[in-house]
């Protein structure tokens, strides 16, 4: 493993790309840190792995914490807090699909929760992983753009030089041509969302005025209390 | 009821807006048609109402058929086909949220299925109803835009002159100011999606080339069969 | 249809069996009543069919109302109340499986809700339909007995002279030999449950004593307030 | 921790009871083994914890592996196999409730899967944990008996000298009086199930005869092929 790690980190540096690794065992944390990886990822199966999350409190590296596929919006944030309780702040939320009556897609991409994370519940960056969420190559493009529009500012996407011969998750891996098109589309979608966000009007900004009007109406009709 | 219907239709005509009514009982179909409504809506609770869907085969009016909240992507399309079996074609699909482990949002907006309807399974227009899908006023804006980006070309949204005093579904109703902002944002998102759709690359368009390359490799290494 | 109905009712009378029919259209109610059927069934797809439920308020016949597969325990009871609001009381609850992450069984039999209906929320009889809940012939027997043990006093089960050639739902239909064994097992399970129910101890019956003890402890240690 | 462990093991030995501990970190396995615990438990949050399951391959102690609340029947068995791949056999399956549209109960007890484990898919013993499955004290009794009737031969149940002041999971903890009644009821239910199991008739035992009859019919009507 050590040798493989070194190769990946070296390749990443050659192309100026950060290296993200999925961490499975708390005991492996220092090994990865020493190897020079740039970021940890907690995979969906370990979303509620207490020992692992506790151990990650102490790493200075950023952590992408994937949402467990059975976790409610807020319950997920409580698991994320487990990493952050001692002061760690560089954590990235990740919506990668939850269970539902759906059979057609592998999971169900929950853009409502992406929106809730970004517009209501959290200040952390939100990633969308439409590859695992849909499990279908041709849906990754539109579902990724939907995730950005809902509030994501990070995109996780699987691609392969030839996904038809990929050892794992080939059905959801993009062809290089598709990746190129998606990257450009994601950039334009991101630009539009940032622009539209300037006009976004939360209820908190206008409710007060309506409440005042209702108070005034009540006073007019029933007299002031 | 007859009088109320006439008033709504009249109001619609005055403002040049089509009138959509939710139909509950097969026996009411001619009554609504005669009153001059422009479009029928099958609500979520009646998504699998056999008698109602059978009856709607014979109406010339368009029908918005909301997806039942427990229906898989393809199972839903089979229920939609029930309306279409005798040749009816003016049907609009509608994703309004399905069940999931989520508690925070009222339902879970399934953009993966919107993408599947539009990019893979159907030629029918797809509506997104983010009001029922999220049940939370402040999430309707981003979730609607996500739905458009995923493949929707129709938007259903609830608004109210003052949702704080609405008789029903007030938590998800937009303030008029929010509706105005959303309409403009939806138009810009729609413009971007139509533009990006021109570059969308389906696997069918490139798989053949990869398969040919794999065949050539096999022939080179193992000899032609 | 009229002729078929008459045949079924006649057959039922010959063997001293009540006739249950699934009702789909509110307009059909009097037709079935006049034909002499003994009981209506509202199928799962119509569990939230407002027009049908409203119409059934007026029938003197008992109604088996199947739970919709996306309905929470209490939400289902609110739909059942729709039939009962004008005073109708002869309604039978029916748990026939809900959606879940399960793929193996057709639906997921929710015995926790059966227990809640019987021991906490309702005085109505509860039916268990393990045929639709599991969709697998060999699981119908144990799942039915589980339903009885959880609180059901009515059993719905599909059988066929030869389920291998059944026109519908053959995978879940019992062979006659299996039906015979299940009926006997259900009777013995029912006998045991009624016996055990005499010893069942609800929290309401003992909580008071524990609360009194806690009050006494508090008084002893901190003085009476 | 070491001191607490020793106390629990000592208490267990005094009363002739085996000690089960929930294991969270692979690194803790030898510590628990050395302390003399009798059995490991993998909790629901760690049902898909790869590093932990891999490590448990090497323990001689039995392992209760709780099913993840988003796992399909068969998908769960694949995770269980992870512990068993090197030859370990003393593993106990455990159904403790899965996600569903239910809000009333904490989870949804899946007796259909218990039946599938016992009657179709596995030779391992199956435990039912109705405390976590329902989360409601008064439903634990009927849901436990339902689990036994469905195929469970092991029962997990939470109790407390006074659950009203329990530090954790008090809503689902039984009062001692309720525990006593449940134990007796479970024994009688178990006795009945073992008796009824002798008459249980699987399709495999009778299908052949029906298939032969169908072949004979075909030959009679259409001639032998």
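First chain written, first letter: the chains are A, B, C and D, and each begins at residue 1.
Here is the rule we use: a contact is a pair of C-beta atoms (placed from the backbone, for glycine too) under 8 Å apart; a residue touches a chain by one contact, two chains touch by 3 or more.
Treat the numbers as computed from the prediction; the structure is a model and nothing was measured.
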Interface check for copies subunit C and subunit D. Shared numbers divided by all numbers used: above half gives same, below half gives different; which is it? same
With chain centres defined as mean CA positions, report which chain is farthest from subunit D. B
Quick one: subunit B and subunit D, Cα centre-to-centre, how many Å? 42
Averaged-CA centre spacing for the pair subunit D and subunit C, given as whole angstrom: 26
Separation of subunit B from subunit C, taking each centre as the mean of its C-alpha atoms, in whole Å: 34
What are the residue numbers in subunit D that touch two or more other chains? 69-70, 98-99, 101, 103
Which word fits the touch map of the chains here: line, ring, star, complete or other? complete
How about subunit D: which of its residues touch subunit A in the complex? 24-27, 44-46, 48-52, 68-70, 98-99
Would you pull the subunit C residues touching subunit A in the complex into a rising list? 70, 99, 101, 103
For the complex, give me every residue of subunit B touching subunit A. 69-75, 97-105, 107-116, 118-120, 130, 133-134, 136-139, 141-143, 145-151, 162, 164-165, 175, 177-178, 181, 184-185, 188-189, 192-193, 196, 199-203, 206-207, 210-211, 213-214
